[in-house]
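For reference, the structure I am asking about is given below.
Chain IDs A, B, C, D and E follow the sequence of writing; residue 1 opens each chain.
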Amino acid sequence: MLLSVAALILIVPSLLDALYLRVFISSVIFTIAATGTAVLYARLGLVSLAQVALVGVGGWVTLRMWHATGLPFEVNMLAGAIISGVVGMLIGLPALRMRGLFLALITLMGAAGFQILVTGTQFPNGGDGVLGIAVTSIFMPRPLLGESDEAMLRYVCVVAVLCFLLVEFNRRTRPGRAWALIRKSEACAMASGVNVAFYKAWGFALAGFIAGIAGALLAGTLGVLDATTFPASESILLFALTVVGGAYHWLGLVLTGLLFRAAPAVLNDIGVNGHLAYVIFGAGLLHALITAPTGIAGQILDGLTQLAKRRAGR
Amino acid sequence: MIEIRDVSVSFGGVRALTNLTVNLADPVVGIIGPNGAGKTTLLNVFSGFVTPGWGSICAFDTDLLAMRPHQRARWGLRRSFQTEQVVDDLSVADNVRAMLDSLPVTSRSERERQIEKALTYVHLEGKADELGSALNTYERRMVELAKTLVGSPKIVLLDEPGAGLRDEEVDALRQTILGINEQFGAMTLLIDHDVEMIAATCISTVVLDFGELLAFGPTAEILKDDRVKAAYLGIEEAE
Amino acid sequence: MYGVFLVAGLALGAIYALSGVGLVVLYRSTGVLNIAYGAIGAMGAMLAWQLEQMQYPEPVAWVAALLAATLLSLAYGRLVAPYLSYREPVVKAVATLGFALMILGTANYFWVEAPRRLYLFTDAMGFEVLDVRITGTRALVLIATLATTFGIAIFLKHTRIGLLMQALANKRELSSVLGVPVIRIETYAWLISGVLAGFTGLMFGDLVRPNPGALTFLVIPAIAAAIVGRLESLPMTLAGGLIIGVVESMSTLIKPIAPYRSIAPFVVAAILLLWLQRNRKLTFSGHD
Amino acid sequence: MSAILEIDNLNVVRGHKPVLRNLSLRIEAGKTVALLGPNGAGKSSLVLAMAGVLPIASGIISLDGQNLVNRPPEIIRRSGIAAILEGHQVLTDLTVEENLRVAGFYLGQEDLLAEMNKAYEIFPELLELRKRLAGTLSGGQQQMVAVAHALMAKPKFILADELSLGLAPVIVKRLMSVLEALANKGCGILLIEQFTHVALRLADYVYVINRGRVHFQGLPAEVQANPRVLHEAYLAGDFELAKS
Amino acid sequence: LALTLSGTAFAQQKLYGLNTGKAASGQPILVGSVVGKTGPDDFSAGALAAKAYFDCVNSNGGINGRPIQFLIEDDQWKPEVAGQVASKLVKDRGVVALVGNGSFVEMTVNAKLYEQENVAVVASACAVRECFEAKNIASTNQGPVPSNIAAVQWAIEKLGTKKVACIGLNIPSNGVWSCNLTNEWLKEKGLSGVSVLMNPGAPDANSALLEAVASGADTFLMSLPAGLAQAFLKAGQDQNLRDKYKWVAPTPLYKQGIPESIGAYWGDKVHVAIELTKWDGAGPDGKRWLAVMDKYGAKSDPRDTFSQAGFVSANIFVDALLKMDPKKIDRANVTKALKAVKNYRTDLLCGPWYFGDADFHQPNHASMIVTITKTGFKSETGCFDPSGKYFDKIRAMEKAQKLTGS
């Protein structure tokens, strides 16, 4: 499994042209972000509609760190991820008392607030002080291992795999079991000795951390960021697509990333009018939500098991 | 030894428990009473989901109410719920392991030993690796029971564990409950509407009615009590 | 000075409150938080503008706006929503984003960005309060908000349909087993909310600007007002909307935060909600 | 005129799994039919299918010759079949009284009040609780509301899934006499009970099902006289399980 | 008569490029354009005008026989998409240059790519600061700063303005930047200005209006996109403030449909500084622009300032290429040729245009003032170059590098 993924990561980037290199880099980055959404949704039964905003937080911190210190990208990325994890935890604090739609909406308020703040402050581009904006944007350089688009695509893929593994590790150990109990019922979890508040906060922190990584990678790819990338509506869309792709399996998250970034790019590339693309995209979203309740990945996997069964039956 | 002193609970204007005072000492104690008598509420007070207006519960010389819910679990309080809570996408062993995660059982081998012992005790040793979703109602009940038995429990609270089981299964459950004290050293409080089961397992029984203590004593005597018959069993006219 | 901003804030708050009320009404009966609410209203407003351009009399524009919004709302309610009825509320809510994108794309396709202005006869009326002129349109928004808030609250409480709507919102499947004609009742709810969306869109088209994008995403601050009412209480939603408006307007007076005053809805909603929840214990599964 | 609720060769699939397989069964007005079977036999699925909640793959459900297959639940309810679903299902955000009003909303105002009063007579507990949100009731109290829902509908047939679950013996007794009275008045009853003896005492006819199939049908006396009937039916399931 | 004739002949010649009347059939020259089309506003007018002109050139001999293949990409107002489509044009398709770019986000994201790949951009709708401060981008429009200042300078001279409230978007590289520079300019003149910043998504222009009123200014400078400026005017009308204040604005309000949509109430009360010359200018290039648009553009293509700017960009490009050896038209040579453009004169611009080799490009900085009447726009001034240090610096640089002298 891991081997074939490694082979894919090695080969595919060298086959793509410049446009699709860029498109796939973005797709993988948002696959990573969706991984965070999925931790909350699939493992804890909670919904965060602030994930794209947290990606923004991670990107902001990464840029700020680089302009301030000039440290290697990976260090800044870690800082971005940690801060974004903390912010994620703060946004998730109300989750200790709420769940369901309410909680989702509270996180949406967080995302909307971020949108306004960051429109006003913009992302660091080399200006003085904490909030300073430079006359001419200074671009943060790519990470050493990702200087060309081709290398960058490999770089984000490797980070994505690491993020999957991080989540998988959490899922298979203590936090994973605690989350499973909480999802079933908080009362039951408490009666089982689970510190519900802690493990919920842990889930939000992990989701935020992963979003931060995605943000850092986005900043690393583009060198500068812009507030228009992180409106609240994008956070809603990312969650919707996580459901459409399938939150319970990594394949679903890969699909989420592709739907979020590659699908619009393909429509744009083949010259579909941007407004009509919205219509197609919206209709596709509705269609997928209706016809694939377990997500597209769920359907694919279901189909495969059925097929395997039928083969075995014969 | 559990001392319940003056425990009162009200939800808004509804009094669910009124000045409940009783000392429980037997290995298996039954709690019965009409619907809405306050049985589940009493269990919720034990596990900390409901904070009583006043009163105290002292168990094995520990003030139970002073602890937060998950701390009580670490201390040794266990409970099952009126609707079962087995997690579908965890294996049977993981369902039990989740309980041990937050208990101060340090060594890995000790944990595995305890899981095995509990699963063997409820006759699920062969299903340790199956997912929760593959179990039937009875097996799910048994997983819940196994969960309450790991990590040296002191008190096990069971809320209608027999509901929805068929007769032979109830028999098996009965045997399981009876052995808890001997095998795991915990004291069991059992709520059930199945009087036969109460009679067969509980040494003494608490009867609640409208949040008040209606009667308390050895089970056989209690079930003969006229007030209990009238309020709970509904056999006053028949005899 | 303060008075001026207070009055302006109330006028602004009425905008938030009006759409908040529309959102809550639908949510209470169908369990759908309609993110497409703004888009539906926008479509109504654009149509009204178009008809005004084509020199139709104003009443025709009004009717067309309400009708278009109602039809859109009904279309979603009848054709799409039933397929999602068994999904969790969040999924039902985000699904409406798909509908919003469809409407927004269509509107933008037909009405490419251009200078536009919607005229309503109420614009010409007006009176002064504390040095602020309140136009007829703003007054109408405030009155309509008050009227719908209390009218609908009474309707939901005292009529059979209101009761059945509540039942549906609570448990759809059980309600149908109990004999509630699900489709019919839900149709009423989508109808009412469609009319409200159309009216809101028309008012916003006048007060904000007839621009599909701007009107579509106004739904997010409107959700803030609805949150204050816990998606349930109409009077609280009204209060929430007004408070948000006043806070936003008053923060103009505090220099450092003035440019960021649009954040008010979100901050106010979060704070009020946390405060209203302060006594709640940890949640139990299945309860929001 | 006596109504008949008939099920013929019913097949129901949940997920990818057939849960009812060519199941046939018949309930006559005024008669009580007990449906027995181990956990997962498909009893609840049958009730859900009959109530119109589960889609039916093939087969016939007919009430006096009128086909009810895949009709919406509210139509089935209105035509006189009231299901009491498993697991004390109530409208949690509504008060007890509102719950009853919803269940009988299509009756006239007077009828509604009359039925409501009848329900309160059977469950005086509910009268006291009528202003409470149903979600805050105890498990047993909720079950009373669920039964009252069915009574409000003035049904020709009642499908009762695990009626006594979580109810105090005193209430179970009361309920059983309510069912008896209903049957005497001409209502057909499908009774699903884990307490076999309770069910057998009340029933006029018994079906034992397992794994979605009928394994035995006959008079309660036959089952009582020969408990092996039950055991064999239950074991049949295990046997199949071992095979597959 | 002779004079008009020769004028038409001149226009004719330029209108048809090489004026051969024959379609070009050689190897196409790839040219790209990145515009923000799908989003809060449509910035594609410049590219559409450029396309019309390129079509015209192609059917008249092309660039010495080689047709221009023009690829327009929509950045959808999204930085990532902007990066993607620029990569596509510059790397995958290998365009020799970009012409007619107009966007809010594209220049910021791609400035570095253009520099690395040595491709020159003759933009036509720059809106943010980064666009004017990039090495390889020069635009034919002037952006908010000169336009703001021109409007204010005129208001001081003609309307007696003393204190200005600059109403802008709370975006650092747009509203904050342009309002700050305007305020600095006012300070230099011994007057004062305040910024009133609002969020792009703000629903209600009313509080911005009240804030502006509270600032004590006598003149409101609406440095906003047309939609928001209009909302601001509407709030002003609601409060009936028309006659209590002076109302001026930079270019965005110079747009078809504005007089009708803001309404007769505002007739003769709103004054706009425009970045290029008037649409109905009588100059040969002005006429040629409209003629090309009519013949080669779509009916729905806007005929506005940005269309003019796109037309100018395309002309600059074609003129530069026509001078080159058609066999040597590659990116490096085109970039060199474009950067060498100086003292380019057209009646569509108020001043001469140049690309130059600097880190900073503001070739277009002279404006005209128009007043919005009930039915249209009325000229107040001819072209003038605003005074002040900001412009002195630019003019000094132009002189030193001989970019404008003839």
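Just so it is clear, a residue touches a chain if its C-beta (ideal position, glycine included) is under 8 Å from a C-beta of that chain, and two chains touch if they have at least 3 such contacts.
Note that this is a predicted model, so its numbers are computed, not measured.
Hopping across touching chains, the smallest step count from subunit A to subunit D is 2.
When chain pairs are compared by their number of contacting C-beta pairs, A-C comes first. Using the average of C-alpha coordinates as each chain's centre, E ends up farthest from subunit B.
For subunit D, the chain whose average C-alpha position is most distant is E. Rounded to a whole number, the gap between the C-alpha centres of subunit C and subunit D is 43 angstrom.
Annotation: 30 Å between the Cα-based centres of subunit A and subunit C. Inter-chain spacing, taken between the CA centroids of subunit B and subunit C, is 49 Å.
Computed from the mean C-alpha positions, the centre of subunit D lies at a distance of 76 Å from the centre of subunit E.
Chain contacts: subunit E has residues 38-39, 170, 197, 199, 201 touching two or more partner chains. In subunit A, the residues touching two or more other chains are 116, 120, 183-185, 187-188, 190, 196, 273, 275, 277-278.
Residue positions 108, 217, 221, 259-260, 262, 281, 284, 287 of subunit C are each in touch with at least two other chains.
Contacts from subunit C toward subunit A in the complex involve residues 33, 35, 80, 83-84, 87-91, 93-95, 97-106, 108-109, 217, 220-221, 223-224, 227, 230-231, 259-260, 262-263, 265-267, 269-270, 273-274, 277, 280-288. Looking at the complex, you find that subunit A touches subunit E at residues 17-19, 21-23, 26, 115-116, 119-122, 133, 135-137, 139, 149, 218, 221-229, 261, 264-265, 268-269, 273-275, 277-278.
Of all the residues in subunit C, the ones that touch subunit E in their complex are 1, 4-5, 8-9, 11-12, 15, 108, 112-117, 119, 123, 126, 132-133, 135, 138, 204, 207-209, 211, 213-214, 217-218, 221, 248-249, 252-253, 258-262.
Interface residues of subunit D, counted against subunit B in their complex, comprise 38-40, 87, 125, 129, 132, 136-141, 143-144, 162, 165-174, 194-196. By the touch criterion given at the top, residues 174, 177-178, 180-181, 183-185, 187-188, 190-196 of subunit A touch subunit B in their complex.
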